[in-house]
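Think of it as A, B, C, D and E in the order they're written, each chain with its own count starting at 1.
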Amino acid sequence: MSAYYLQLVVNGIVAGSVYAMFAVGLTMVYGVFKFINFSHGELITWGAYLGLMFSSPPFSLPIYLAAVPALGITVLLGLAQDWFIYRPLRQSNPVALLIASIGLSYFMRNAIRLIWGSDFQTFNLPAARGMSFGGIYITPVQVMMVSAAVVFLTILYLLFTRTILGKSLRAASDNMELADIMGISMTRVTITVWVLASLFAATGGILLAMDTNMDPMMGMASLIKAFAAVLIGGAGNVWGALLGGMFIGVAENLSVAVISPGYKDFISFALIFILLLVRPTGIFGIRGGVR
Amino acid sequence: MLVLNNVTKRFGGLIAVNDVSFDLGDVGISGLIGPNGSGKTTLFHLISGFYTLDSGTISFMEKRISGLPPHAISQMGLSRTFQQTRVLPFLSTLDNLISAAPNQAGENILALFFRAKKVRQEEAFNREKAMDILDRLKLSDLAHLPAGDLSYGQQKLLELGRVLMADPRLIILDEPTAGINPTLIRDLVTTLKALRDRGIKIFLVEHNMPLVAELCERIHVMDSGSLIFSGSPQEVQGNKRVIEAYLGRDDSAA
Amino acid sequence: MTVLLELDNITAGYGKAPILHDICLNLDKGEIVCIIGPNGAGKSTVLRTVAGQLQPSRGTMAFKGRDLTCLSIAQRGRKGLIFIPQGMNIFPNLTVIENLEIAGALMKDSRALNAAVKEILQHYPMLDKKKNAFGRTLSGGERQVLALSRTRMLKPDLVLLDEPSLGLAPLVVDFIFDEIKEMGKGGSSVLLVEQNARKGLSVSHRGYVLELGRNRLTGTGAELLQSDEVRRLYLGG
Amino acid sequence: GTVSVGAVTPLTGKLAVYGEGFQQAMLLAAEEINASGGINGDTLEIVFEDNNSTSKGSVSAIRKLITIDKLTLVFGPAASSNFLAICPIAQKNKTILIGAESAAAEITKCGSYVFRVFPSDLLQGTGVSELASSLGYKEVVLTYVNNDWGVGLAEVFKRQFLASGGKIIDELAHAEGKTDYRSEILRIKRHNPKVVVNLTYIKEGATILKQAYETGLNTQWLMGSASKSPKLVALAGKTAEGIIGTYPTFSQESPEYQAFKTAWEKKYSGKKTPIFGEYNYDMVKLTALALRDAGSVDADTVRESLLKVSQGYMGTTGDKSFDENGDVGATYGRWTVKDGAIIDYQVEK
Amino acid sequence: MDYLYHILILIMIYSIFAISLNLELGFAGLYNFGHIAFFAIGAYTSALLSLGGMPIPLAVVLALVASGVAGAILARFTLGLSGDYFGIATLVFAEMIQLLLLNERDITRGPMGLPGIPRPAWMGSGHEGLIWFLAVAVIGTVLVFFLVRRISNAPFGRALKVVREDEFVAQALGKNTFILKTKAMVMGSVLAGFAGVLWAHYITYISPSDFTLNETIFVLLCVVVGGKGTNVGPLVGAFVIVFFGEFVRFLPIPSEFSRFVAPLQGMVYGALLIFMMLKRPQGLISESRR
């Protein structure tokens, strides 16, 4: 019976790593540009669909190769978002950015439907029985999901704390005007943020789609969980995002053992509420973490 | 008026305010000076309720105020300004002032409907009062500008205006003249003296020593979180510890 | 002496109505120049225009003989023109050390950077004590010193300083003005805005008096300090 | 001239996935009708209105069709919740409303102007229950997609299965549109059930099958009609092998169906026939017959004609005789997946 | 005509809904991304009670009370949070309410929804019924509009704006920010509940899928496009947004292209929003400063 709970925890960790990858991107954009980017979800979706495009004719690349141009193009999309929409809005108030991001999210989601249709799609990877470790099953894709999250977040952490670029990023998120004055190239900071955020989103999106399938709503569906992870982890905190994601993943998976799965999401949301009551800045919301 | 008993505030390992006790007594204008980082602003935050004490008590008009939320303290007639100016950036300068009027009946929804006349009269009165204050601070041309567009000094003046608007019993001012033009400072001095003469007590932090010497009847000196000396301006300027910690050798009070 | 900065008939403002009208101002290499004037005269606006936060609607600006207007803020920074704004001039969520290291965005050499940071910390025990504290926990005076020392580290050609003595204890005020003098001697020019006009003018070679966005008076620091008109109108008698 | 009928169709929103196929099937039918003389010489035209997959959109759409286009006959939207939101409006305005894929049992009670060519849940739920019993299963785990369709069907199933002496070991809903059903699967796995009744859609179904396989759950899956799609097999791959389901049968060998299939492939070069496409096709065809018979668009006349012409009408999906509630009957067949193909299930031993 | 009445009724309902959100978002600066929850609570309470045989007026009153209580509860939990945390927490709250409606099948019938919600008998059914309903909706909207305008133009509205701009300052000025925000939220919730009540009795069928994040975004658009922090803005916004949605139905589009219409329409919709923000972020009506 304990294998059962262990398996639930393992599954929670897998789900949580994907939430975390999305959450980090959100939290970074939020940290520097001070708005909640609703169109982050669409970067996830675009990543997956571009992966699909390159893995089907005429390209027909194996998925691992197809991921490369897919990630590249998603990054370009992320940069384009900023260049054409968010940059001109930087001077106005954050709400304008938020609303614009909602608009952009509609736009990009519908663009996917225009190109690929509304139906869901799949990479058609053959189903494989998971590797079993003492009754705990885990598939190679799931292993990849967890490792991608850990590797990416570690790199990110080192970047933030050990490099000048990372410190510039934090400086920019603190006080953009002053950073500009200090000769920190805002262009570079901006590019870094969007490249990283898009990269994480697209990687997560492709992995998620490999694990299951994709449809135009997939990004939107993951977004709320990513928000929740940010909320628990504390805005702008890399480890917070990771642990926040894990927390939600594990909590919602474990909850199914006790209550109706219809309430699966309810449990993680309710936990967030309780946590916020106790610690209004999130559990890991060490103020002045990476921010 | 205002009594502090063994007030202590820690930030992690740092003791920002260390066992400070004093009584403002019946003094019209009291001053608080001390080196940068000695805990003056922290002390003001403690008095006005923005920080919670680690130990000690503060009472105002014989009532204990430590533990009360900031708005409750403010409603008791203790008004403050912020060292780093905090205006309401998207509200007009005039609205910034009117908002500062205390206990407005119109802020109660029921009164809006059942005592509409009183609300109207009060509003008209507040508006007039606010315009008066703007005049006095030479800001009346800017009355309809969003307050966020004011220059630093103008914002500082606006903060002072808010305090004037509130009809307080005690006002605590955190560096009211920093960034204000010397000529205007003269006007401010007049204003503050007039307030004192009306019986309003004033407690201010300032680094402008000549001003402190001119205005304050009694001066408290802080260093590294502790109160190191209290006395008249002359006593303070003659005190060796104060000179060492704060004023410096080449007496800038001149 | 070579002219470092030259403003010629600059008109600038935030919206439609200009705040500055036909401002002319120049500054030589190694010179310290102070701008004084009543609140809202447009002093900060002058600095913002030079720093690049505002685009002038008319007039020309030259720095080291080259046109300034087309450079971005960060580019001006890299060309050796550093602006320390009024108020928020440090990074609150970076530690003191990190605040200094951020200057490294301009100093490419990390070894030199570390050395420079070390030197600053030695020079300012006040900062050394707090080197691992977050910027937001610093007191007003500590912030000013941090901002100024960080600038010093960069050895810029021109520093734009908006009210450096704001909120500083007398001891520190003296200290800061000494620093400014030092900077001048060290080869950096300083364009200073001060409400503490006596102190400001006394460390400056020359001064400008601004009123309602126009040049009102100009002269050497000493001249202005002596002038009756200046005394009456701007120094509070 | 033209004879116009309306269609409230989910072209946007979460059901847009299906809406597109419905629309294409309806257009195909209309084209064929017009090629064969239209409605007594008039062209049949379908006015499509998007409902954004919401009830708000459905109400707007039908109000527009009734008031602006002055239509007396409207094809209703997918999703019973949307259909139920507009059936009172149709009934009050004496407008005929015909559904092609709404299964909720409630629709039977909508009123005299409301029809559907799709069998009620009542029949399908019974079908699944009979399937389980006939395979000899006495204890099942029941899971269903948590929406109007899934819950409605599950309720009927439960009632029937319990009545027939079966036992439900565990019952759990799974949310619509998720990508991860592993925790639900684990909960099922804990019971180590011989059989799981899974009343769900294609995407959810495929994901569950695949993840169940990955998680090492070995069981017999029994499914409903909504998962009977080559798409499910494509998505789930080999993990779909051996699942058994019921569906309202209509013989795929019937000449009507073959004709539909050929026509579809000709018009939409090589595209697979969409889920419920046949029903939409039948709905338009049957409506055209009624319109021809009525010789007018007056709702009451058309209503009479619908009841009349439908009696014994064989569409691609079988017998479409409306009963007095505007419902059709159905026979339930069984399907299974073998070697990657959906075939009729034959009891082997 | 019925279609026109329908559009007008929709505009009225969304006007009320938008006004209620504007009270929180425009005046008090509370970014409530879960506003649909109160709409849903109003709709469900009134529907369930009146289906259960309670007289409609009583059911409506209880529905308003229920929304207000829910608003107070949410306020209690979330008002301590800073702006963006608050936004996400409210969003999560709305998801929770939706899950409750979906899963508490014994009470709400879950995804099956509640059909046959009654309207007052005097409205009759059919054509006249719609006119009567429109009349009620218009009266409701006018009342709500003047009520909120009265409040927002008064010192109370200004105090909310003070809180919106800087909570510390508000406290220093003696304003009880928690109470002020709670009041705004309770009032906003009651009004949203009112919009929900109208909705339920108008459509006569509700199900959890009517109350999604999309709806919150829809009403957010009404407020933002109209002009937040203004009194007329939400009305203008509701009118423009609802009208635009219906207007699209009349564009002549050949059915071969219909596959592309929906996504293109969505793209245009998104692009318009972006364009709006780039060109006129304050909304059609902008906040005046007195």
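Simple rule for what comes next: a residue touches a chain if its C-beta (ideal position, glycine included) is under 8 Å from a C-beta of that chain, and two chains touch if they have at least 3 such contacts.
All figures in this text were calculated on a predicted structure; none of them were measured in a lab.
Asks: Where's the contact count highest, between which chains?
Replies: A-E
Asks: Please identify the chain with the largest separation between its CA centroid and the CA centroid of subunit E.
Replies: C
Asks: With chain centres taken as the means of their Cα atoms, state the distance from subunit C to subunit E in Å.
Replies: 51
Asks: Report the inter-centroid distance (CA atoms only) between subunit B and subunit C in whole Å.
Replies: Their C-alpha centroids are separated by 29 Å.
Asks: Where the CA atoms of subunit A average out and where those of subunit C average out, how many Å apart are those spots?
Replies: About 42 Å separates the centre of subunit A from that of subunit C.
Asks: Starting from the mean Cα coordinates of subunit D and subunit E, work out the distance between those two points in Å.
Replies: Once rounded, the distance between the two centres reads 34 Å.
Asks: Residues of subunit E that touch two or more other chains: which are they?
Replies: Where subunit E meets two or more other chains at a single residue, that happens at 102-103, 262-263, 265-266.
Asks: Got the subunit C residues that touch at least 2 other chains?
Replies: Residues: none.
Asks: Which of the chains touch, listed as pairs?
Replies: Going through each pair of chains, those in contact are A-C, A-D, A-E, B-C, B-E, D-E.
Asks: Write out the stretch or stretches of subunit C touching subunit A in their complex.
Replies: Touching subunit A from subunit C are residues 51, 53, 73-74, 77-78, 82-85, 88-94, 98, 101-106, 110, 134-136.
Asks: With touch defined as at the start, can you tell me which subunit D residues reach subunit A in the complex?
Replies: Subunit D reaches subunit A through residues 14, 16-17, 19-20, 146, 172-175, 177-180, 182-184, 186-187, 189-190, 203, 206-207, 210-211, 213-216, 231, 234-239.
Asks: Write out the stretch or stretches of subunit A touching subunit E in their complex.
Replies: Against subunit E, the touching part of subunit A is residues 30, 36, 85, 88-89, 92-93, 95-97, 99-100, 102-111, 113-114, 118, 224, 227-228, 230-231, 235, 260, 262-263, 265-266, 269-270, 272-273, 276-277, 280-282.
Asks: Enumerate the contact residues on subunit D facing subunit E in the complex.
Replies: It comes out as residues 11-12, 16, 19-20, 23, 27, 46, 48-50, 54-56, 59-61, 63-64, 66-68, 79-81, 84-85, 88, 92-93, 104, 106, 146-148, 150-152, 173.
Asks: Which residues of subunit A touch subunit D once you look at their complex with the stated criterion?
Replies: Its residues touching subunit D are 4, 7-8, 11-12, 15, 113, 117-120, 122, 124, 126-130, 132, 137, 139, 208, 211-213, 215, 217-218, 221, 252-257, 260-262, 264-265.
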